[in-house]
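Chain naming follows the written order as A, B, C, D and E, and within any one chain the residues start at number 1.
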Amino acid sequence: MSLLNPIVNILPDLNKAFLETIYMVGVSLAVALLIGLPLGVLLFTTTRNLFFENGIVNRSLGFAVNIVRSIPFIILLVALLPLTDLLTGSTIGPRAASVSLSVSAIPFFARIVETALREIDRGVIEAAIAVGATPWMIIKDVLLPEAKPGIIQGLTLTTISLIGYSAMAGTIGGGGIGDLAIRYGYYRYDNTVMITTIVVLICLVQLLQMVGDKVSYMVNKR
Amino acid sequence: MIEIRSIRKEYVSKKNRVIGVDNVSLTIQTGEIYGIVGYSGAGKSSLLRCLNLLERPTGGNIIIDGIDLTSLSSKELRKQRQKIGMIFQHFSLVSSKTVYENVAFALRAAHRSKDATKLRVLELLEIVGLSDKKDVYPAQLSGGQKQRVGIARALANEPTVLLCDEATSALDPTTTKAILQLLKKISSELGITIVLITHEMEVVKELCHRVAVMQDGRVIEEGPVYEIFSQPKQELTKQFISSVLDFELPSHLIEESEGTIIKIQFEGQTAGESILSDTLQSHAVKGNILHGKIEYIQDVPLGILIIELIGDAVQIHSALEYIKNRSSSVEVLKHVTA
Amino acid sequence: SPNTEDKKELKIGATTGPYADMVKEAIKPGLEDLGYKIEIVEFTDYIQPNKSLGNNSIDANLFQHKVYMDNFAKENDLKLSDLIIVPTAPMGIYSNKYNSLKEVKDGTSLAVPNDPVNLARALKVLVDEGLIEVDSNVDPLKVSEKDVTKNPKNIQLKPLESAQLPRATDSVDLSAVPGNFALAAKMDLKDALVLEKMPDMYRNVVAVNTKDVDAQFAKDIKSVVESDQFEKVIDDKFAGFGKPDWMN
Amino acid sequence: MIEIRSIRKEYVSKKNRVIGVDNVSLTIQTGEIYGIVGYSGAGKSSLLRCLNLLERPTGGNIIIDGIDLTSLSSKELRKQRQKIGMIFQHFSLVSSKTVYENVAFALRAAHRSKDATKLRVLELLEIVGLSDKKDVYPAQLSGGQKQRVGIARALANEPTVLLCDEATSALDPTTTKAILQLLKKISSELGITIVLITHEMEVVKELCHRVAVMQDGRVIEEGPVYEIFSQPKQELTKQFISSVLDFELPSHLIEESEGTIIKIQFEGQTAGESILSDTLQSHAVKGNILHGKIEYIQDVPLGILIIELIGDAVQIHSALEYIKNRSSSVEVLKHVTA
Amino acid sequence: MSLLNPIVNILPDLNKAFLETIYMVGVSLAVALLIGLPLGVLLFTTTRNLFFENGIVNRSLGFAVNIVRSIPFIILLVALLPLTDLLTGSTIGPRAASVSLSVSAIPFFARIVETALREIDRGVIEAAIAVGATPWMIIKDVLLPEAKPGIIQGLTLTTISLIGYSAMAGTIGGGGIGDLAIRYGYYRYDNTVMITTIVVLICLVQLLQMVGDKVSYMVNKR
């Protein structure tokens, strides 16, 4: 009883933090998919010998992606506050945190998509070109389906990284499980909270990894 | 008609420049089955891939049925490509799509309606004998079955030209035969022009009307298959043909034989003639066929027989003269004047 | 450190911002004149400076007030002592929306620091203003927004990283900004709707391990802080920092 | 001697169980060249890979020169593997190592001294004709050259057994021939036992002493190559052989011909005999060789001739009788009694 | 002059921070190589059908790797302080920060090594097994050389990630460029310094990426 009590006490907080994490990770994952996926496809299809071959676009995008990846997350968080304000009308809270999480997830995911696309057998792409398919058809019907297992594993990796980064969202009041661990476990020496939240985090990550592996295996027809 | 005009293809990398195709010009007639042979690295694939601009040539023009492909916009090029089917050596099927979807993809690329697509795919799968595998993924097919899906895809849009890059190597003989039969049928029934790369001279012999031999990016010999097989000019061509036509007589046979051994090459109609039978009936010699092969190349026979002639010297001499008069090539491998 | 008596190399910890600058610009030169070699270790949180002091990774720190220090020491079984109180910038409540706390409406949002040190100060200001009541038994080390017992105006507390508070002023109705960060963000302390009433026990101190209180280096730090030079630098570069009683 | 005793190999995955090899027992003599043929998926590679336990069989034993490999510790197994060379279909060279290093690796695995390794590698490269390529990386080699590096590696430790998995498919005819010659030489000079998988019956014909035909994991027919070629029992075997021996006479030839058309199969010594010549000389018929092929399989001739006999009915009848008495198999394709 | 002044003023700091970053990243990269590389090899060689096949070892290692990757870096940093104290005799400064950076780099790099090894053609490994080579020889002479280009690219990725993480080392007074950017840009609102440091960071990252790509290309003999 005495052991369980503290855990029961933090359940409402934990629940709220959990939902906040889900919210932030969910939103930024969606954005990463929405923007990172096309960006990854673009990075891939503008390389040498592919149908959108364009060295300048390719190098500029690559440079932009590297820049975002160079900036420490906290700085990015701050640098993006005007954008955040513009987009969400606020610079604090989970919604605001989602903006910088999204921005940092986009290049990360784009690179992963690019790598997954690189794994596709060139012959398959050529066969689609030879058949007279439009670039759009090739992307939709060949590139994405063929890279699906890799992209799903990349999505798992991105999700797990986002959970890690979302812990820093506490800086701007984003909340979430990681922030709970830091604020109560670390600042307030509450080991119950610390251990509970970390266990929740580990379970979440393992679960995501398992589901990701499973889905990736299922869509793999090779 | 495919006109290949002074095609050059260079591969430029940071370190060096490789010439894949070196100024090749060829004309391939409509309805023809055209073979390309050569060593690995000779530039066969590079040339073939230039035909539908999968590889953009560094110089030269590809003119198919009067249209210069190299001058087309990418949209027009896509349209032309739909008329050029291509069969890939490594099948190159989309592994995440079923057999049906793989073939349907080509039709959708040509903006066929959904119903038309369905009808056509089922028809094509029927043709290649894969109707029962339509919902199966490529990973569950054997090599021959995968290749047949590739053929169905290449044929989907009723192409006028079919390009095949080593479509049968690595397949067992039965499957190879079935696929060659299919290509033959397609060519004769639908009048499709077929350009095929192979390293099996058997395939050239059975299937092709004309053949080009490539070396170091250039075409070193070209002509009707029968001509190339019967009168090869280049050393390389001879080597290649020998895999089909040449044969070695076990050496002990030559040593042990008691008679005169001659090698006769028959060409064209002479092969069908009864040289041997006439000789034997008009001379008092015994003929013993030690080795021989008659190939029908495009229905024209080309044959070599190694015959041991036994009899007295005068008769043999006169028999030899008789044969020489009627055959294009006679060679005496061993002369015995017992 | 075995021979603390003639220690000549010092590591002084401070939180990033004005207090690290205060060590650098107002204390370090004086100590260097006395022959010390000074290394400033900057921290970005409120736990590690004390922990590091406790395990002798550093020799002194400057970032906290005495109340926090005493509680921290008790909680973590450390023996820490304050050496001397230094000028400290008062926390203020700022707003772009209200001109006075009296206008505060029901459901107003208020950004507060998310670390207990500064949160405790923010809550104290609010309590002093009569806006809320806080459980008086709560350990100031562990205080959180959940310890608010009465909140008649239903003020929404939004805990943020302290350094973020000035930047959040536009997003919330009210923001409780620690003075050091307000000054760093070039905010004018005079703009605050209300400033923290700061008894000395809430002003920051230079802290050392209790065993070092009588060490020569501790005495030297104290003397440097008490020097005129120190006060001159404060007046030049740390305007707005409220001076402790001993300086007046 | 390799004894394969009731080998089974099952592949178990979550969803299903595939039987790769189904209770195969074979004995391969020392110094023999043993061929394995069969459709894709028949279990050829699985069986071959069981021979050196690259694939651990689900049941059964592999006994090489009296040693049961399945019972060895991993250290002893490594020692035995050094005596079993393996040539891979896809070369499987270490791409980050030069030709020299690729071969040297095998020798280092057998703990040869540095000097001995160097001497042996240079010797091996000399044998496979790659001395000048020793410092080159695999990517810069042609297919045939890569395969020869694979052969050098397989031969490095003077193995007593050599396993080859489709070592020549996807190589041009000249390279194929060179590699087959090399294998033949190795086998006869060094007395190495060779087990090889191929889908080219030509290779079996030229190289192998005995052959096994596999289907669905089982060996359905096995025996000396000559026997299998001359008297195939299983339908599948017949199909495979037909790729070498069978040939179709252009149908118009049969229709247009005026005489009786017969197909004679010669076997063994009868092929060397002068059946045809004797027939023509003893009967008043004209003989016209329309098609024919004589293959020497292990130096023993096996031949088929399609002959058109022209003459009066009585003479033809008597000639047919005469031939039937001397040949093992005569078939009348078209009977004309003019 | 007035614009350049702040930059000139922080040059000594920038220099020190640069060295600190190099130190932290260097040390943890070395540790990641030393421990992560064997760990990655072990993760790969214990999978099905490989010579050290061992499901239990494989799954346990995989689980451990996932756990470390689940914990937010700041929490890891704090949780490892006792270990840090033990190893470095201090809990502050670049040396101390290197401990937690190393611990987080190990599983990251191990996974990358595992992925790179997976790319190796199975036939090449089998050829080595068939030749009777010992596992150690196979690892040394086949697996590592064949995976070298991939491993080097993974090293680049790890280095760049480490630079990002080292920015958080400020929590324990670690220093480094990222921390400098945060301290000036975030805590002191000094945009000049922040931008300068970020430019340095971007240059560093671009340089690393370029060198990594180059070296990876050079060792690639395929």
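Details
Definition applied: contacts are C-beta pairs under 8 Å (C-beta built on N, C-alpha and C of every residue); 3 or more make two chains touch, one makes a residue touch a chain.
Listed by chain with UniProt protein names: A, E = ABC transporter permease; B, D = Methionine ABC transporter ATP-binding protein.
Please read these numbers as outputs of a predicted model, since none were measured by experiment.
Note on connectivity: the fewest chain-to-chain touch steps from subunit A to subunit C number 1. Centroid to centroid, with C-alpha atoms defining each point, subunit A and subunit E lie 20 Å apart. Put simply, the C-alpha centre of subunit A and that of subunit B have 53 angstrom between them.
Computed centre separation for the pair subunit B/subunit C is 87 angstrom, with centres defined by C-alpha atoms. Rounded to whole angstrom units, the spacing between the C-alpha centres of subunit A and subunit D is 55. Chain contacts: subunit A has residues 78, 186 touching two or more partner chains. Not a single residue position of subunit D touches two or more of the other chains.
For subunit C, residues that reach two or more other chains under the stated contact definition are 45, 47. The list of touching chain pairs reads A-B, A-C, A-E, B-D, C-E, D-E.
By the touch criterion given at the top, residues 121, 123-124, 126-134, 137, 141-142, 145-146, 148, 219, 221-222 of subunit E touch subunit D in their complex. Residues 78, 81, 85, 90-93, 96, 170-173, 175, 179, 182-183, 186-189 of subunit E are the ones that touch subunit C when the two sit in their complex. Chain contact summary for the complex, subunit B toward subunit D: residues 37-41, 142-144, 166, 169-177, 199-201, 239-240, 243, 247-250, 252-253, 271-274, 276-278, 280-281, 286-296, 299, 301, 303, 305, 308, 310.
Residue ranges of subunit A in contact with subunit E, taken from their complex: 63, 66-67, 69-75, 78, 160, 163-164, 167-168, 178, 181-182, 185-186, 194, 198, 201-202, 204-206, 209.
Interface residues of subunit C, counted against subunit A in their complex, comprise 45-47, 75-76, 111, 114-116, 141-142, 144, 158-161, 164, 167-168, 170-172.
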